[in-house]
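Take a look at the structures below.
Shared chain: chain A. Partners: chain B in the first complex, chain C in the second.
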Partner chain A sequence: MLMKRYELIVIGAGPAGLCAAIEAAANGMQVVVYDENSRPGGQLFKQIHKFFGSKEHKAKERGFRIGEKLLDEARELGVEVVLNATVMGVFENKEITVMIEDRVEHIKGNEIIIATGASENMLPFPGWTLPGVIGAGAAQTMMNLHGIKPGNKILMVGSGNVGLVVGFQLIQAGCRLEAIIDASPRVGGYGVHASKLARLGVPFYMSNTVKEAYGEGSVKGVSIVEVDKNWQQVAGSEKTFEVDTICIAVGLSPMSQLAKMTGCIMEDSPAKGGLVPVCNEYGETSIPGIYAAGDVSGIEEASSAMLKGRIAGSAISYNQGYLEENIFKENQAKYRSSLEQLREGMFGHKNKGRTDLLNTEEGFEISLNLLENGFLADVEIAHYPGVVSQERRKQGIVPVIECTQNIPCNPCQDACEKGCIKVGQVITNLPIIDGTAKCTGCGMCVAACSGQAIFLVNEDYAPGYATVGLPYEFRPLPQIGDKGIALDRSGKAVGEAEVISIKSAKALDETAILTIKVSEDLSMKARFFKSSKEVSL
Partner chain B sequence: MNKITDRTFTGEEFVSHRDDSVIICRCEEISKGEIRRAVYDGMRTMSEVKRYVRAGMGLCQGQTCSRLVKNIIAKELGLKPGEVEIPTPRSPARPVSMEIYANDGMKK
Partner chain C sequence: MMRIEEHPILKSFNKGNLVTFEFDGKSLMGYQGEPIAVALKANGVMIHRFTSKHQEPRGVFCAIGRCTDCVMIVDGKPNVRTCVTSLAEGMKVETQYGLTKKE
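Right, the complex of A and B next:
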């Protein structure tokens, strides 16, 4: 039988697989990528939010745009991307079988990269098999790929970044998010993501789990219950919600079956999310020439997956003689330091799952309100370096950056042409506002902040009044002159507000900047606008 | 003998749990109680539980439930989930109809 042969076979066309293929093809290798889905890009095309990181990590770009760029790049480099192609098995001597339409193809590779990603974890509770209980990934697929609302009233289970980001997207899609719950006593994801939901009035119930979903034929409601330190349900603490959808975001597991099938050494690592192949620094497994990249070798996020793909792709190019040693070393150093940057901070590798951190690396107190309720308390705001003094605020418009945790992100720094914002070399540092630099109120920092944590405050607007410019990613946009109420960080109505300007320039990339006029005592409280035309958010 | 290979019957009665009726393997409709019972009956690895009650043998091939099954076995045996022996993945990694297999090797 005639067997096709490629220099490199990549299994999975997600961020890791595509980046590995691009890297190898750019060095001159002949590459094929197989993906079982009908669309390439893995999870990237569901990611409508702006990414974190620095410029080299494509921060402040939306995930699906990053996906489009990767696909263009792969196409230009002549990477063969075969879709609806299910890899059925990986065998000795780097032979694989792929199901394409109604046939099985046998293909050999000089090298293989397994980049099969991860699958969602499920949470079994009475009623979890009722229609209406869905994974957060499924919710994203419905909303962002197919334009379908997953439900009307939703409970989100899991406060990690997936739960928080998908929760926000559900509201953007017009669903009502009744609450976010998590068995852990602390919000698992970035505080800035949690704050985006809290200011819309979404309550956080920490140390809670699902007791039961009820309904005949589909979900009609859910009861939640508190858990104690030993994860035991506390009788009598139940609450019920009338919901039609329960969205589960309780972590991911590496899809490592194909890796295990190769016979390489595997490890069960809770830190990496489950069973993963043991890999060296280039992502090579214990079988020479078989690599793993992306979530299949340890759960991280898309930006890390892209770098892990590049590292593997460049190592393979070098092994196959397509890359000079000095260039290889240079590339590896670049990608590795970039990857290390993403792994820094309070949510990074070293601190994963830690609940004892009290201070940021710079020594600022970490807000417990943020960790327990999803928002910063009014009294805490002034402690952080992104918040200037009242004296400065009285002198005119200035950004207020409510970024209070060490997360790897710095687009705000480059966004300001006037040099108002400084993060510095360590990208996990909290941004510092230089109150002496002249803010023009352009709003570029507001739109550049992937966490939507920057507000433009002007306490010098008119006697008795202040203005607050806030990021706004809901449609339709309000109109100038619209009246409504200002919501504080917890989503509570705090006073009247009127829209006095709306910016939606192309450079802001769909993050509109709404400026509202509020009574002067609300300048540091008002963080969202709800039009009186809206029935509910 | 280690915990995994020691199957001496303890003589204790099987104790039902309140949530034993919760379905764990959706494809084959296997409940938590059936999996716990399998462990009680002497099954110690995921492969054994799989062959005994068919949990993880349905259409999705354990994509959703294998983590849950592993956790249940671990809890019953007092092990860490990572200590439970997992099944050997075999080709095909995804469901493939017999017709397609039959076409393998045929001229197009």
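Right, the complex of A and C next:
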């Protein structure tokens, strides 16, 4: 029998694999993508939040919509995507064995890209095998793909971006998030993600770990305990929570077994999240023609995985003679600078794992309160360039941007047609509000901010009153005229509030903008609205 | 109620027909095509199996077919990963004890 042969075999139909396949197919290559799952897209279809980055990184688009676009693109370019196909072996001579249903096929490629992604790290503790202890990925799969709540009362373990983002999604799905805990003394993920939870009243217990999960048959509760500087449990510091679910989000590891199997040179790199193949700038391993792209070659965000896929796909197209040298060089430069942008900032490559940063790159003090409790203290707000003076606020509506860390993101700048918001060339810069530009209160910046950190404050509303416009992504949507309470950044009730407008438009992409009327002294405190009708949040 | 009625971002979920299946002799309802584990969750079932040595309960853990904690006996076949196996009308799902049914 003649062995099936493709010009390019891609293993894994996640963001990196799909982008690599699209890139190569667009250059005319014959590409097949194998994925062990029944649906393509990797984890993209579970990502319902808006992505960070800039326009070229598809920022402010929700992950699942990016996934839909990639699939359409792959389909149009004639990429063959084979699902329920588990690649069992990759060999040095660029042959693979793949199990499809109950048969095994042996296939040859001119070149191979391994884009197998990552798997979740686990945290063993007494009771960790009880039903009800799940991975954060499992929670996302259940609620965002299958429409079922993973539990009713949940403890999130891990304050990295996965823990924070999934924690927020659990509340969107209607679950109660009792707390977020982390053994580290500081929140690991973006401050803006933490703030979204803190203002809903979710407490952060830093320097805490799980002592024990308990329950007969399934989780009925959990006790947590403080850890000291040497990660030792502090006796007597236990707290217990009645929960039915414990969600583990303690990092990801590259799923590099297939890469290792090829015999290519591997390295154990803490910065990359574990054992990864050593790759050159194009993602090529030590074996010519075998590439690795995406999280398998180092844990990053999906946006970076897509670019790593494009870089590998374009390099392979060039090697196989499908791309002119000048276009190849142009593409590489474009993708590389785009990737470098995402790697800048305090969460970027060179700062990974650092806990000693005190100032932003511009020299603004980083809020310790944000790092330790998940929210900015009232007194800290005025320090940042996204917050205008009270004098300006008294003159009428203006955006207040509570973005205080160097993260790679700039959609707010593009969202404002009036030029009120400036991030500049370096997308990790903190946004600056130009108080002289005229804000119309359109709300586009509020919805464009993936971190939900922009509020429209109007201190010139009516004598004694101010209004605050805030992003709202929960159901049921409050109604105009609804009365309730305003919550501050820590989730504490600070006063009465009334909904005076609700904006929801296609351009806002499911982020409603709720404007509440509050007493004038609350304009810089009120950051969330809880309807008096509401019982659950 | 474990099913999400109205989601702020995703709105609703495309589900197949409502079908009947059997869990340890009881008749339950679920949507055709959704993972068996999801239908069980909607019915409040947390325990999928008991380990062979210590008879400890296990349930859904990774939900993507990787960890094999959620395996059950489906239509007589043991070790079926219920988180990635689609529910079908009349399916017979049983709690797994070690590698077999309860003796």
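Operating definition for what follows: the second predicted complex is superposed on the first by the 536 of 537 C-alpha atoms of A that agree within 3 Å, B and C clash if a C-alpha of one lies under 4 Å from a C-alpha of the other, contacts with A are read in each partner's own complex, and residues count from 1 in each chain.
Methods note: a contact is a pair of C-beta atoms (placed from the backbone, for glycine too) under 8 Å apart; a residue touches a chain by one contact, two chains touch by 3 or more.
Since the structure is predicted, the reported quantities are computational estimates derived from the model, not experimental observations.
J.: Is the arrangement of chain B and chain C around the shared chain A a clash or a fit after superposition?
T.: Superposition check on chain A shows chain B and chain C fit without a clash.
J.: Taking the superposition on A as described, I'd like to know which of chain B and chain C A:L44 touches: first, second, both or neither.
T.: In the superposed model, A:L44 contacts neither chain B nor chain C.
J.: Just chain B (first), just chain C (second), both, or neither: which does A:R62 touch?
T.: Touch status of A:R62: second partner only.
J.: What angle, in steps of 10 degrees, lies at chain A between chain B and chain C when each chain is taken as its C-alpha centre?
T.: Roughly 60 degrees separate the directions to chain B and chain C.
J.: Once chain A of both complexes is superposed, is A:I134 in touch with chain B (first), chain C (second), both, or neither?
T.: Touch partner of A:I134: chain C, not chain B.
J.: Based on the superposed arrangement, let me know which partner A:K149 touches: chain B (first), chain C (second), both, or neither?
T.: After superposition on chain A, A:K149 lies in contact with chain C alone.
J.: What is the contact status of A:S119 with respect to chain B (first) and chain C (second): first, second, both, or neither?
T.: both
J.: Per the contact definition in the header, classify A:C445: touching chain B only (first), chain C only (second), both, or neither.
T.: neither
J.: Look at A:E473 in the shared chain and tell me whether it touches chain B only, chain C only, both, or neither; answer first, second, both or neither.
T.: second
J.: Which partner does A:L275 contact after superposing on A: first (chain B), second (chain C), both, neither?
T.: In the superposition, A:L275 contacts chain B only.
J.: After superposing the two complexes, find the smallest distance in angstrom between C-alpha atoms of chain B and C-alpha atoms of chain C.
T.: 5
J.: Both chain B and chain C touch chain A; at which residues?
T.: 36, 119, 129
J.: Once bound in the complex, which stretches of chain B touch chain A?
T.: 19, 21-24, 26, 32, 63-65, 67-68, 81-82, 86, 88-94, 96, 99-101, 103-105, 108
J.: Using the touch rule from the top, collect the residues of chain A that touch chain C in their complex.
T.: Of all residues in chain A, those touching chain C are 36-38, 48, 62, 64, 119-120, 129-135, 137-138, 141-144, 146-150, 152, 172-174, 217-218, 473-476, 510.
J.: Any idea which chain A residues touch chain B in the complex?
T.: 1, 36, 86-91, 97, 99, 102-104, 119, 121-122, 124-126, 128-129, 253, 255, 257-258, 260-261, 268-270, 274-275
J.: What residues on chain C touch chain A, complex-wise?
T.: Residue list for chain C touching chain A: 2-10, 12-13, 15, 34-35, 38, 41-42, 46-48, 56-66, 69, 83-84.
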